[in-house]
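As written, the chain order gives the labels A, B, C and D, with residue 1 at the start of each chain.
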Amino acid sequence: MNQRTFPLFVTAAVFALAYAFCLSRFPAFASTRVFANLLTDNAFLGIVAVGMTFVIISGGIDLSVGSVIAFTGVFLAIMIERVHVNPWLAFVMILIIAALFGAGMGAIIHFLRMPPFIVTLAGMFLARGMSFVLTADSIPINHPLYAQLNELVIRLPGGGRLTLIAVVMLLVFAGGIVLAHFTRFGSYVYALGGNRTSAELMGVPVASATIRIYVLSSVLAAVSGIVFSLYTSAGYSLAATGVELDTIAAVIIGGTLLTGGSGYVIGTFVGILIQGLIQTYITFDGTLSSWWTKIAIGILLFAFIALQRVVTMAWPMRRVQAA
Amino acid sequence: MTETGRKAVLKASGLSKFFPGVRALDKVDFELAEGEIHALLGENGAGKSTLIKLVTGVYGRDEGTIQLAGEEVDPKDTTDAQRLGIGTVYQEVNLLPNLSVAENLFLGRQPMRFGLVDRKAMKARAKALLAEYNLHLDPAEPLSRFSVAVQQIIAIARAVDLSGRVLILDEPTASLDAGEVQVLFRIMRRLRDRGMGVVFVTHFLDQVYEVSDRITVLRNGRLVGTRETAELPRLELVSMMLGRELSAEALHRGGRREVAGEPLVSFKGFGKNRYVEPFDLEIRRGEVVGMAGLLGSGRTETAKLAFGIEQADSGEARVEGHPVKLQSPRDAIRLRFGYCPEDRKTEGIVGELSVRENIILALQARRGWLKPLPRREQEEIAGRYIKLLGIKTPDAERSIQFLSGGNQQKALLARWLATDPEFLILDEPTRGIDVGAHAEIIRLIERLCDDGLALLVISSEIEEIVSYSDRVVVLRDRRHVGSLSGDEVAMEPIMQTIAGA
Amino acid sequence: MTGMAPAFPAIRKALPQIGALAVVLLANWLVFPGFFDIRLQDGRLFGSVVDVFVRGAPVALLALGMTLVIATKGIDLSVGAVMAIAGAVAASMTNAGHGLPLTILAAIGVGLVCGLWNGMLVALLRIQPIVATLILMVAGRGIAQLITEGQIITFVDPALIFLAGGSFLSIPMPVVLVILMFVLTLLLVRATALGLMIEAIGVNLLSSAYSGVNTKVVLIAVYGWAGICAAVAGLVVAADIHGADANNAGLWLELDAILASVIGGTSLLGGRFNITLALLGALIIQAMNTGILLSGFRPEFNLVVKALVVLAVLLFQSPQLMGMLRVTFRRAPK
Amino acid sequence: ADKLTVGFSQVGSESGWRAAETKVAKSEAEKRGVTLKISDAQQKQENQIKAIRSFIAQGVDAIFVAPVVATGWDSVLAEAKDAKIPVFLLDRDIDSKDKSLYMASVTSDQVEEGRIDGRWLVKQTNGKCNVVELQGTVGSSPAISRKKGFEEAIAGSPGVKIIRSQSGDFTRSGGKQVMESFIKAENGGKNICAVYSHNDDMAIGAIQAIKEAGLKPGKDILVLAIDGVPDFFKAMSEGEANATVELSPDMAGPALDALIAYKKDGTMPPKWIKTKSTIFFPDTAKAEYERRKSLY
């Protein structure tokens, strides 16, 4: 285990411990159902989180993802239900729109030297606003394809159902890992986050890399939007509010530094599971009022992060002797 | 064709670059021939780095043309320059500390297999590449694990590997020790013999004479001239650079002194597990103690312990015989310690702030936030040190990040002098400082000591250490292995102690 | 152009913000011709422009603290929740019969404690600011609701209501409070060396620490101040609606506060800050919001308009565009 | 029989009314000896779906949902149906073709609420009135239904017009700020005859704005709203507001009764258990306020 992957192990260990704790309180946690739910219910979150991981590693941030999810849902619902476009075609259309949207944000960030926080904040307003403009109603999607896709389920022993969207999330994570560690693009992402000036001096194509990073994030947000529309079989302009913060929290709990340059896609996966676990635990408990729910989420979030920090800080710094 | 009859591989004519308030480069011609090592010299802020950045497309030039092997080129960014076969090591090590060594070496040109990066092959190639520099390390480790010096070598290795026709090295040797420098020179010569052009910026005149074929001197952004190294005497070179004569003895200190009396600071059994082995060290008022050792021998670590940046887990520190608490830089500063770090970019300068603010920062911190220095006083202090150390800046309000490397170093020295310290630790203080300033700093060191300052100076330049130290401590493998004084303070004994003979 | 501006460097630096504000105000005047009408109503200034100042007060107050936090390379997402807590505390204190001084003190004290908590997480545990404050952003609203038990606690104490509804020399109290806090903040950072230290920490934490800056204390203090500013904003908002609405008070205002700081030229990467410009930023945002309300557009368009205005304002500030403008200005006299 | 366990997926506590609904649900469950597990979704549908899934995983006896939005429930409710857990919808219906996904819905008719206010206004002003509308959160279903109902009711009277309509996000401060700008935009409020608010909280904010502009709420500008929270009754009793349509916070009670009956002998409840929407006026406001104070 080296120093770089150590926080990752801490995070994973913390998750395992927490799961064991839940199990001791609620035996139902042993069922495959609970674990499969954890994957299905957080599928859309996981998919955006992969994109967010890249953005954050590159030293940026993307606040627009929640709104893009909502916009995707509304767009699909209108296309499929009102314009009667074939769903597959609608998927392709929204992916292209999202790619353009991301490219626009990336271009503004790079060429006009504007902080990503603000540019994507404007993107967040814009995408959410556009979904209101399309329609303020929630529209159910009744296309048979949706039913078919939702029936694609791998039944696990013990009543668990590994749904299509959970599988999509796992695939996106696998793809994200390959992209991060086995492509030049991946190394550019880390390079940008390490130090933009140095990266530029070392010949990283900064403009195209920046734009591609935000395209990736927006496209994955759209994929997540598609998954979300499958999950709910509907499009709704108020869907996925605040998802950007949940996502950022998951990425950071997963050990990625907000300052950029370091982090792991797989860590984000654990981060997502940890967040899902907190929620599941609170639901199982079922005695908390609305306000205690919030306080409990805060306390658990703090407990995870503090534990992670304390363990990591206590770990003696290992030094490497050069030559 | 150049005057020497060799083909020019790189030719820049009439290059100019203006920054707000600064004429960094003014119609400079520069010519690099095939198969030569060309030293580019000049005082701090003369425009050397700017010239290099214009040629490699980091900055857009305001005037002038660039030709590569006779053809006009216009590199728009560093990628362009790399494509044209120009490999460059910029002055501040511009690598990415968060990436692995191998990734730093091959960023953007990683070996691919089935459309994916072949990490194994990359690692193997990195290992082979670094072996040429006698560097045997695990290329999968992040670069940040290694000392500045190692990083510098990696940057060189990368540039050399990249360069097809031209290799540009902006002060590559600033933090290398003698052995490393020799390795680098061997490689430079090999490339020259292969017909490549090498541009070499340094402030060490010995190195210039050892390795270069021709010399171009810049002063205040203007070209002073280009000469054959063999035909240019040292003193003339210096006066070309400074625009005035520099007396020979200015470079060397008078006599070594036996400084007597009670030690001002003393460390006993001071150390930290896995960091530096416990050591004893005493420094008196007016004494200069040099610290010598190879890369990674633990000199910087010793300094960080002595300044409270790292907390010792054994031993004790005393000031004037009284045990003191040394848990943080603030403790140290309260005891009137000062520390000029080696890595000025990440540990020294506060980039966006002005030269004035950088200079008064430590003094202000010691006074506390409730007692702000009046603006007038700040300006007075800044002005005084800018003049005293000859910091080249249009005015004290300029952001320090826009100063040339050597001038940043001087501003940092000013930061500590402004606190009127009693015990000052300088880690590679002359790194990147020109000959004139070098002499001035050494003279300053002497003057400070005459005023009763205790100094601990770390330097990779043994000659330099010899020139001003009263006593020398030698480190090896994070252990203090010897202390030399009197006549032992000379090249030979120090080298022997370092080698462990 | 060359006549006056260079003589006042401070004004010249603020030109982009002043320009953006002027443009937004002009747009407001175009959609609503009565925009600049002001009259005295019950001894208090009354009119749409006044609304911009009064309604902008909470974000302006938050921006004061937020700007300092951002200057240290941090961010504080919890300020909205802290507003809710402060409001809830104030409401329950008044309703329990305590006087105004104690009520205000309690609210501000709670804000300070919240801020110190954030500061401690950031400075001592070295948790990244965005997550460190996210904890309180989530839990804080819960704490506020715990105090109010999910209801809006209404109060009738005229003294507390005065904080929003009253006026001083005809100036509405929220504006007075902003001015007061602005002056306090300015004194705090510019009459002391704190401003310099904040900037130094934001640019290079390590260098600052090695120079002897007490980075931990400065960081904690800055978050503490942000907490105090948030508490004052919370008081204003509660006094305004005569009640503490734990669920909605300050909801999403942290984003507006961050936006205000950034429009005011403070970089999210830390370093140089300017609280005067941050206030201008808050005014720009509120002028935009007020304009949207006055315009009579369908509310479905609010966010789209907001997005476009924000982008336009930032574009206006981009050095590239300003460069182009300067060229045109220079040519104009010929 | 064993003690029944019911999982209740609540939207959140975004308003006083919602908090009251939760509170009433708890006490009604206690009265009947039912264990109620409440999961608070913090206004997010995804959280509600997660909650329903984990209720299924826990094997509860019944699930109550107060759906945050009408669409998107089919697949998760199908899972509940597979697991043979009866589902009751509270305070809002869902948009689904398959009515067998749930056993019954206990809801009010939100469109009707808007209509009641609208009809009253038309009658009160003899069909001549410039109305400003304070909408709820854009896209939320009460905002959409209440707008729709009101517009339907005034459609027949060309003299009653909505001259301005903005969103106040269901909050007091939102209502106040929007009303301020309405007053300024409409000639200092002189053009406005009535304000119709999608909930009481915004109306309370609007009342303050009207007062601060030097006008008399309830007289110069009529104030009508929906929900029936105590503070609004108080305002009515002070003559500052004119009407509100009550939305009963007791949604869980009827659902629990239906559930218990079903568990006892399989009695199927009616599909729609409708709660009554009553309009209240200042005359009874004082008494109503006293009655409700403890509920909230």
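Rule of thumb we're sticking to: a residue touches a chain if its C-beta (ideal position, glycine included) is under 8 Å from a C-beta of that chain, and two chains touch if they have at least 3 such contacts.
The chain lineup, named per UniProt: A, C = Monosaccharide ABC transporter membrane protein, CUT2 family; B = Monosaccharide ABC transporter ATP-binding protein, CUT2 family.
Source: prediction; values computed, not measured.
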Comparison of A-D and C-D (more C-beta pairs in contact): A-D
Between subunit A and subunit D, centroid-to-centroid distance (C-alpha), Å: 33
Separation of subunit B from subunit D, taking each centre as the mean of its C-alpha atoms, in whole Å: 71
Distance from the mean Cα position of subunit B to that of subunit A, given in whole angstrom: 44
Subunit B, residues touching no fewer than two other chains: none
Sequence positions of subunit A contacting 2 or more other chains: 132, 136, 289-291, 293-294
Sites on subunit D at which at least two other chains make contact: 12-13, 19, 22, 138
All pairs of touching chains, each written as two labels joined by a dash: A-B, A-C, A-D, B-C, C-D
Subunit D to subunit C touching residues, read off their complex: 12-16, 18-20, 22, 135, 138, 164-167, 169-174, 176-178, 180-182, 184-185, 201, 204-205, 208, 212-214, 231, 296
Subunit D contact footprint on subunit C (complex, rising order): 32, 34, 41-42, 46-48, 51, 55, 145, 149-152, 154, 165, 237, 240-243, 245, 247-249, 251, 290, 293-294, 296, 298-300, 302
Sites on subunit B touched by subunit C in the complex: 307, 309, 329-330, 332-333, 339, 341, 346-353, 357, 361-362, 364-373, 415
Residue ranges of subunit C in contact with subunit B within the complex: 191-194, 196-197, 199-200, 203-204, 206-214, 218, 271-272
Partner subunit C, residues of subunit A touching it in the complex: 108, 112-115, 117-119, 121-126, 128-130, 132-133, 136, 245, 248-249, 252-253, 257-259, 289-299, 301-302, 305-306, 309-310, 313
